[in-house]
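Presented below are the structures under discussion, each in the form of structure tokens.
Note that chain A is present in both complexes that follow, paired respectively with chain B and with chain C.
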Partner chain A sequence: MRRPRWRVLALACLMPFAVQAQKSTADGIAEYRKMLEDGNPAELFEMKGEDLWKQPRGPKKASLERCDLGLGPGVVKGAWVQLPRYFADTGRVQDVESRLLTCMSTLQGFDAAEIAKTAFGRGEMANVTALATWIAAQSRGQRFDLPQRHAQEKRFYELGKRAFFFRGGPMDFSCATCHGEEGKRIRLQDLPDLRTNPGDGIGFAAWPAYRVSSGQMWGMQQRLNDCYRQQRFLYPGFASDVTIALGVYMGVNARGAESIAPAIKR
Partner chain B sequence: MRIRIFPVLALVLGTTALLTVGCASRPAPQELDAQTAAMMKASFREQGIAKLDRLQQDLGQKACSSDQPPAAAVAGRIEREALASVRWPAGGRYLGDWKAGEKLAQNGRGMTWTDKSADASANGAQCYNCHQISKEEISFGTIGPSLYNYGKLRGVKDPYAPASAEVVQYTWAKLWNAKAYSACSNMPRFGHKGLLAEDQIRDVMALLLDPRSPVNH
Partner chain C sequence: MADPMRIRAQAAGDKVTVRVLMSHEMETGQRKDSSGKVIPAWFIQEVTAAHNGKTVMTAHWGPSVAKNPFLQFVVKGGKAGDKITINWVDNRGDKRTDEATVS
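Up next, the complex of A and B:
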């Protein structure tokens, strides 16, 4: 699905950056977010995600309408701002994307391991992203409030915190190298401090998001994957424990932040 | 006496037992560290030039992997070992071409799993990602301090004059292994980890220290 018009529009909106680069990036982004308010391409993915949720699909020709995202079977509104959380049926802490794999496997008969191996943006993986986009949109304007009652939820927070500060690879980077201090930038890009609540619609509260620079819709799994690429680290498995643990760490830290997902990014 | 001590002892033992039971529901910090190591090992795989050795932490990486700084003795050891690791430039030639240095400073590429080669020649020095350097480039990061007027502020008029030796050697060592002066520095160890070759470091040195470099205007 190609949408060249969006890219032209996006480019036009990026132009003020070149001329007025000293203006804070945050101001610039807020400005073009405003300009695109009625036309964030993420809406197309939202619509696709809603269709995918309701359509009978997969070997079992079933819809996802009985999928339990944490608030009971079929309850979508408000589910996103409480994820990742512990699910008794799988005995695991899951984020929206790994939970979707569970539902697509149990309800629709898809092979979850096969989907997890698929490249981002391809086949059923693209469908997972669209579904996550629609699910997130159903909680737009709500505030993050991840549960921390279950022992596994507390344990994953602690594991996520340790992963966040884990330094390794050829450049000795950790997540904290870029996201462990307030008010820092890489080039002109503002970096949220993810050790705490960075504010409404910032950091964890902005994904899934449509990336103007790549013309792609990204869920948190892909966002984390690219973080690790730029950290010069190894390739994190889709829905691997480290990605879930980081989701719990960021999500719990963001408690009270308003979700604007799906957002639009540079 | 014995009679009076007894209840106190029983109380202490009882409290200890209660605390132990209370803590059992949550793993101890060391246990969580072990679980983290297992999680990291299980969650990542090799891709392209990114090999499994990236999971192996050296002393400095391990000691700087929490929200708390390492103990002073550990930090001291990291810094001493880092300084000892510095390979000084062949023939005492510290400076190369500042123009090539500027190109390297602008280049933020290298060492990701989508890069084809892990060779130093494929890498940039990434300086502008985190530092202000020349006045002309306004797209700079702020994770590191500003390096504008780096040589000038340190009184370097002739980089090869004896008076400049200390600053020049400090700068070389900082670029080679930044942990020599700060155990948990955010800056990559460009020489030590083979991210840049000696000639590339010379060029970055020139960008910072050559009086003709725009950094010092």
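Up next, the complex of A and C:
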């Protein structure tokens, strides 16, 4: 009587293992993300961003509806997948966040330098992130196609490439240390290879994103700031040239990748 | 005042699936700030859902619910065009009510 019973038990014990062995850790995380997608709190920031865009604010009591994100004043749809790009009025290559600073100062009368100094998630800086989230969401499902016609845009790509491979800091790290090879990961997080197009909704195509572990909404500026922190490097200035150059480098490399922003992350 | 909720309500057959995202800090009262002071607890205590004005669910929440909580439930006998109202009250007495139409 005893034997068959044991066999049944052994079988029962083995079954879950067999199932688990076929499923990699990455699959498990992907499944977890899928479950979270339905209730991505990024939508709350999207709503807030839309409201901030349309609301008259700042010393000039103006809305941002005349803000030119590269496709003409007030055109939001599709703007995100073509940023960073060169803007003739400022004579600079700008990403969404630095462009928002420009619009907030010219249209609404805010002090851009003051906002840039504000900590992430505080005051007007939190509003910039919410606005970026809404702007990105308006291009959800579209494919990245950053312009590379202007000499400055080409220059920024080369600068970004140089910054990407530049090693420094106490650990002698560069961006490429983690993101310059396929199939790498930190703990359970897969690291995208950002030298090429890492695929739809991966890397540059996934930010802004909601961080579940910290309950924070992060734009690309904060993402890059945190990369530098992890490298034990000096913090880059908000909307500084190096951050925008890295954005151009990643964005141009990601040409053709579908944007899923705002995404949800661990 | 608290930020608005995001409510989606979809009918399938005689059931309506309601998905709600709430914007709230949900502080547990267990954390300390950078100066070592305890951050006071601040969380949603009561959530009420109403279908066409009639309460269909009341939930008592505690500090263990995550920040920016997501709530999903099913209402039997709902149909497109019905109104779903969600209301929450937190331990500070702040409240928020939002309504959505079933699609």
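Points to keep in mind about this one:
Here is the rule we use: the second predicted complex is superposed on the first by the 239 of 266 C-alpha atoms of A that agree within 3 Å, B and C clash if a C-alpha of one lies under 4 Å from a C-alpha of the other, contacts with A are read in each partner's own complex, and residues count from 1 in each chain.
We adopt the following convention: a residue touches a chain if its C-beta (ideal position, glycine included) is under 8 Å from a C-beta of that chain, and two chains touch if they have at least 3 such contacts.
On a predicted model such as this, the values are computed, not experimentally measured, just so you know.
With both complexes superposed, B is the one of chain B and chain C in contact with more chain A residues.
Looking at the shared chain after the overlay, A:49 reaches neither chain B nor chain C. Contacts of A:41 after superposition: chain C is touched, whereas chain B is not reached.
Of the two partner chains placed by the overlay, only chain C lies in contact with A:215; chain B stays clear of it.
Residue contacts after overlaying the shared chain place A:198 against neither chain B nor chain C. Within the superposed three-chain model, A:188 lies in touch with chain B and out of touch with chain C [touch as defined at top]. Within the superposed three-chain model, A:84 lies out of touch with both chain B and chain C [touch as defined at top]. By the touch criterion given at the top, residues 21-22, 151, 154-155, 158-159, 161-163, 165-174, 176-178, 180-181, 183-189, 191, 195, 228-230, 232-237, 240-243, 245 of chain A touch chain B in their complex. Residues of chain A touching chain C in their complex: 38-41, 43-44, 47-48, 210, 212, 215. Contact residues on chain C toward chain A in their complex (touch as defined above): 3-4, 6, 19, 21, 23, 66-68, 70, 72. The part of chain B that touches chain A in the complex is made up of residues 25-27, 32-33, 35-36, 39-40, 42-47, 50, 52, 54-57, 60-62, 64-67, 111-114, 118, 128-130, 138-143, 186, 188-189, 193-195.
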